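What follows is a pair of complexes built around subunit A, which joins subunit B in one and subunit C in the other.
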Partner chain A sequence: MKRSIGIVAGLFLFSIGSLFALDGREVMLQVDKRPTGKTSHALVRMDLIDSKGQVNTRSVEMFTVKDEKDLKKMVIVFHAPASVKDTRYLAVENEGRDDDKWIYLPALKRVRRIAASEGGSSFMGSDFTYDDMSDRDVDRDNHKLLREETLGSYPCYVVESSAKDPKDSQYSKRISWIAKDLWIPVKIELYDKKGNLQKIATMDKIDTIQGFVTPLQTTMKNVQKGTSTLLVMEKFVWDESLPSGLFTTRYLETGKP
Partner chain B sequence: MYRKILAHPKFVLVITGFVTLVLALQISNLRIDNDPASFIPKDHPSYLAKERTDQLFGEDLALSIGLRDPSGYFFTKENLKKLIHLSEALKNLPNVSDVTSLTTTDFIEGTTEGITVHPLLDPASFEGTEAEIESLKEKLRSWIVYDQALVSRDLSAVQVLVVLERKLSEEQREQVYHDTMRILQKIVGTSLEYHVAGTPAVSVLISENMRSDLRSLIPIVMGVVILTLYVSFRRWAGVLLPMLSITIGTIWTLGIMALCNITLSMVGTVIPVLLVAVGSAYGIHIVHRYYEVEQDEGRSPEDILYTVIRDVWKPVFLAGITTLIGFGSVVTSRVLPMRDFAIFTSLGVLFVMTNALVVIPCILQIRHNTLPPLPSSSRRISLQFLEALDNTVFRSQRRSILVFVGILALSVFGAHKLIVDNSLIEYFKKHTEVYQSDLFLRTYFAGTRHFSVVISGTKKGDLTDPRVLKFMDELANHLLEKHPEVSKVLSFTDFIKRMNSLLQPHGLYEIPADPAKYGLSSFSELKDLVSQYLLLYSGNLSKWADDALEPQTARMMVQLRTPNNSFTRIVVPEIYAYAQNHLPEGYRIEVSGIALIENTLVDLIVNAQITSISVSLALVILVIILSYRSFWIGLIGALPLGTSILINFALMGFTSIPLDISTAMVASVTTGIGIDYTIHFLSTYASSLKNLSSQREARRKTLTTVGPAILYNAVSVGAGFAVLLLSQFKPLNYFGLLIALTMFTSSIGALTIVPMALEVFKPRFKN
Partner chain C sequence: MVRSRICAVPILLWILISTTPFSISATSLKEDSRESTPAKAGVPSATFGASQEPGLAWSGQVWANSRLYREKNTLEESVWQTNPRVDLSLEVKKEQAELKVKFRWEPSWQNQSTDTIFRRMIDEAYVRGFLGSTVFEAGYMKVVWGKGDDVHVLDLLNPTDYYDFVNNSYLDRRASQWMMRVMHPLGEMHNLELVWEPVTTPDHIPLEGPWKPYAISALEGHLQTLLGFTSPVAASEVLVSDQLSTLIDGTYGIRFTGSSHGFDYGILYAYTYNREPKVDLSRIIQTQKVYLSYDRIHCFGIEGATAWEGFNFRLEGGYFLTNDTKGTDPKVRNPSVGYVVGMDRDLWTDGPNLNLQVQGVLPLHTDKIDRNPLDVEYRGDGKYTRHILAGHLSDTILENKVKWKVSTAFGMEQQDLRIAPELTYEPFDDFQITARWVQYLGNRDTTFGQYKDSSFFEVSVSYRF
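Now for the complex of A and B:
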């Protein structure tokens, strides 16, 4: 199983347009095929907003790199809150088996390996789950093109996706509004296992960075709990030259690539 | 006014009929609610505390299902596969937010390199081999949190928790309960024992039994009253006329309850029974007097009717008002079902009384009823009884007073043993399925009752401080060691200790509280360590802490093996006292939850009891004082009631009948009904005293004229309430029994204690 690692990748891929009439799967393939920079480096701020409107801020720095086989490596360095500062996380995508994951806890002063299928659980207590923040093989889902409509200023394909094996997803279905020329989702509705609308993701700000269209701000709203999380790219760079030592457990331990 | 009404009897009847019809149509909208949380005022501190805790950590209202293999060993391939299937099916039910069982729980394991998280039993890959089962058992043994929660100690049984969505209506809860039962029937069938308990199950079953109670008890109590009416009058008009006023009054009451959106709780079942049992008295007086006056020769039908009304309206009205005061005194209670009970029984009494005074004369106006004199056989029997009673009591005044004082002393002693408890599960009889289910879950698991202890700091991250975590841990141990009633304490700290034991090189199952031992230089670094442990739970501890990384508030859940409130009344203050001595500075502690709400309910019941007795006794004394313009007669009039109430509490004390939401109303109901006997006695006694020379003669005259009526009335009301002995709820059985008893004691008291006191104290009756 190809497990995801690109924390933001799913939401931030892009692709070239197509002139042909498409079905749902083809739309999603276009989204998936979008070429990206080989590496990315982002400074991410997350505002967790509870049902009373109180805001809690987290911030992390993220590095990703893709190899020739399109397999990803990712490092997350936690900056805030202070209690988890300098916690570092490494995930390496493998072909045909689960990702390898390690974490360095500064107060523990040790790197520990984590084997967990934590896809459905929350990322740092936010409304994003690990799965929400990663991309998903197109062919793990069945896709249906529902209609075409304009959302805000974007003409969109509206595609419904549901897992081929219901146990393979935390959702019963997802409905995505894919901007036609950008091949990027501008809104996603996520439905829980019982078929009720659970969360809505909206890409509030999409910009072109180094020639690539990149969403810079996303809101995930949990309509059942009344909470939401605002995810803001405070800095985003494609194709930065990242030292190869960055994606190693040694880096996790020392903080030096 | 009466002349106007009687001038247009048909018009009055048509209007009454129309109103009755409209209100009758409302009755089907009456809703039932037996959630103890809706019994106490929404602004009560313990309700607000529960709301706050629910808001932070989610409501933990759940059905508990216990599954047991009769062979004594659950862990077979077939059983585990059934459990997978069952958990899956329950998870898909509407209004179920979560299902917790062996097959839905993650297991965190330490490895040489780090940690692994995987399901305790993975439904997708489980094949049922010996090795898989052995490893499952091993995992269950490895963390104390699972013990008595997911699995019983002897491995014969497993538990499945079906967590309900927040804020469901009673109907939705009933639906979840029935869906659960249906799925259990289908998947488990008879191969395993299964038991379903938990607060939602209990309140659903209370509602169901209430419905069947209402269906059977109302017809029976009507039957009893019809029978008594027929025995007294031996003619159908004598039965039908009082029954009509009762039925109309009861329909109006229930209809208005429905219109006001009042939900019916268990004690509400008593309302119609009570109105039928009590309401007959008013009709009886009117019809009785009518038949008496009718015997006088040479009166016109008009004249008969006006004479009757002139004679009876005052006593009937006075009896109604005092009854209304007695029932109404419960309105001082802050327990909502008791307050509703007070309001609507009072209203009902008013309706039944006015209908008796209006509808019965209207019908008699339209259709005069002439019949032979009343039969006298029942009257003869009661006269013989009264004669014997009078002879026994008044043969030796001194001896009787001594006996009376002896009874009082014994009663005071008995009343001291009175216990207060309002445990929902104790509403049910021991043989009922739900009682047995609750017992099962208490025996094999940690039980179904619990409360939360919530600890808060003043700023973010305060709850990662090892000192406060240590306090939580020590409090948990203290409770477990000191109180066998505490079956289990689950706490935020269990998760931190688990992570500590898995991640540290010599992982100990403890709170990291000593910086040096953990190679750190300060408490602040230990706090960071705890935050970093929390990061690994990736926000899955939302039931235990308010923030995924830097919680300011966290909680522990104390589970109880006992179903009684008496224990929470001891342990909760103790927790606060413990916190006073041990909780680090800058932190607050709050205890909340359903167990606490039940506790509050008990307090409110006791308070209500004290106020309602005082208020009702004071008011009826006032009514008598005003009627006779004598303070002493007022006090004497209250004597039989006070004695009856005291004997009632004594009986409850001696037989361990608890004071609960329904038995707490016995005293006020007794006052409301019992005062009528005294009033009847006093009014006849006073008029007899005017015409006769001695108190003794006045007493004899009173006993022979009004005595039989008082006895009939007490017997018919007592018999009506005794119908509650057939209810499926213990509190209502007790209520019926106790009212039957107080009807006996207060009527006999009116016939003996009152004349005795009048002869001893000789108060003056003014004109």
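Now for the complex of A and C:
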């Protein structure tokens, strides 16, 4: 069974509690094991806030589906601003090899495969990277339970994760605050390759949708650049019936599932 | 006979679709009819989001540039040219059909012929219909074939409009073509594509202005000598196209593409024309006209792309078979092989992106060309292969508000060069100010060197809506 967790994708997931003492990996496996809908569909607003406080707004639509092996496919459709309208992105998670990723650029009128390493690139100029928007296999990282502490109103496990292969991640390590009652990360610190704190992701708003705990607002702050990105789920649906043709390169080109 | 051919083509398309292996069709239908997951009871299946909503949508761009063509001797004689442009796209979406029209207008076109204005003003206009999972498109449109990044040998379906040489974007220099296209999925990750163009249109080559090719100027000089005229001969007055645009002289293409285990691949066949004209001077004395003609070609192509260790690799290769299979007919181009090999990668995480591509064209039987100075492909220097190394390095800085890019293209045999550094400032979304310098270097008879007097500095402003 594939074990994976992503910063944003992981925030969508549901949790079950555990009464037993856990190590870091087991905490992250619990996060990963949270039952969710088979599909998700979100209309997302991204506010990009620069170091001077100027806000640029993006609008994207995200679709995800998990197959019987728990491998995920994700499509992102860019709606605004006009310069990126109708750009479409497809990521297909694979077992035992890098994800397949394609992007359709209307200005080129063709679907272009992109390398997995480009996941370290900024997502639409935001403080999120493409990898931040994707799942990450739990066993690609070493996890260490640092401590337990309360963050805001959430009793949390604090877990440090670092890639087993340093080349396999854009970060040297991540420190996650996992809410014990929800099995959901409510804060993540991301450290650059030199070991300096680079970004902080915090979950600002959580709600229950269709019986699943769902984060509806997340902030990613780049402490080095002084920029931040607010990611707001304006609409969100679990288990919507999605046509399989949606998760194909053909959809990227035609916009029709 | 012509009539029957016209009717036969759409029928042939249907036959090809319906005769794809039954098991594949059945799988495809089965997969398309199912949904990825059954909806839970009580979960609405209706979707949301702008991409799904039927209705009318419009968008566009206002763009203006001011270009300084640098006079090499005196700055005072340098020429500033200002050129505004408006693009407007309309899109009507219904459940099973879409209409897309893209208009473009540049005031500088007002001196062009009506045909040229129409061709450039209607950038694209086509309908798209959905029958199950099969997509039909018909109209005046642009279709890009091949895996290269703006450098192709297999993108055979549209002519190139060289009115700004290669200084505009790739799609802007592709001219639309009347065509019909059918795309039929074969499973989730494979696709069969059929294209029919009733008329094949040649490349559009400027006969005056800064992007008039050196070959046209040389031809004018040659004609003046040949005809004994005392005044210069204008190419626009003597060039005559042969009857290329007849109903049976269309383009037919079939392409199969797919993806598996991290590789994207494709094979294609196209029966079309080499859209670059040949000059026939055999009737010049009697008619005082220069006839242009075009070679029929069969293209057999392969393409591929994959990503490995942070590199994006891509490949196009084609065999272009002409009617001169042995290379003995001096009036017909020889068969040739063309390819594009390229890669790109970020130099480091979120760092500059380096993109390098090599385009090669290798005519076959060049020994026979070299023995006959009257051969249409004959060159005095005996260099018949063409390799261009194209690349660019780009990145964004200052919180993604500034993008820098340096583009180069180097002719390996001809030792000519195009280099274009540019800087784009985007203070807020959809509004851009760009400054760039485009320099051409090389001898007059080379691809880039012919435009060395047309090197320019440009400032442009654009706003998308």
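One rule holds for everything that comes next: the second predicted complex is superposed on the first by the 247 of 257 C-alpha atoms of A that agree within 3 Å, B and C clash if a C-alpha of one lies under 4 Å from a C-alpha of the other, contacts with A are read in each partner's own complex, and residues count from 1 in each chain.
By definition in this document, contacts are C-beta pairs under 8 Å (C-beta built on N, C-alpha and C of every residue); 3 or more make two chains touch, one makes a residue touch a chain.
The shown structure was predicted, so the numbers you read here are calculated from the model rather than taken from an experiment.
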Clash or fit, subunit B versus subunit C on superposed subunit A: clash
Subunit B versus subunit C as contact partner of A:Lys194, first or second or both or neither: first
Partner chain in contact with A:Arg250 - subunit B first, subunit C second, else both or neither: second
Touching partner for A:Asp181 - first (subunit B), second (subunit C), both, neither: neither
First, second, both or neither for A:Asp239, with subunit B first and subunit C second: second
Broader residue contact with subunit A after superposition on the shared chain, subunit B or subunit C: C
Contacts of A:Asn56 with subunit B and subunit C, given as first, second, both or neither: both
Touching partner for A:Asp98 - first (subunit B), second (subunit C), both, neither: second
Touching partner for A:Gly125 - first (subunit B), second (subunit C), both, neither: both
Subunit B versus subunit C as contact partner of A:Ser83, first or second or both or neither: both
Touched partner set for A:Ile114, first subunit B, second subunit C, both or neither: both
Clash-bearing segment of subunit C relative to subunit B, given 279-287, 369-377, 423-431 or 441-449: 423-431
Common interface positions of subunit A, toward subunit B and toward subunit C: 56, 81-83, 107-110, 112-118, 121-122, 125, 193
Residue numbers on subunit C that touch subunit A, as the complex places them: 31-32, 34-40, 43-45, 47-51, 59, 61, 128, 130, 133, 135, 142-144, 149-150, 169-171, 183, 185, 188-189, 191, 259, 261-262, 264, 305-312, 345-346, 349-350, 396, 399-401, 428-430, 464-465
Interface residues, subunit A side, partner subunit B - complex: 56, 58, 78, 81-84, 87, 102-103, 105-118, 121-126, 130, 167, 193-194
Subunit C partner contacts - residues on subunit A that touch it in the complex: 37-39, 41, 43, 50-51, 54, 56-57, 59, 61, 65, 77, 79, 81-83, 85-86, 94, 97-98, 100-101, 107-110, 112-118, 120-122, 125, 129, 170, 193, 210, 225, 227, 235, 237-250, 254-256
Footprint of subunit A on subunit B - complex, ascending: 91-92, 94, 111, 113-118, 124, 460-461, 464, 503-505, 518-520, 525-529, 531-533, 535-536, 538-540, 542, 547-550
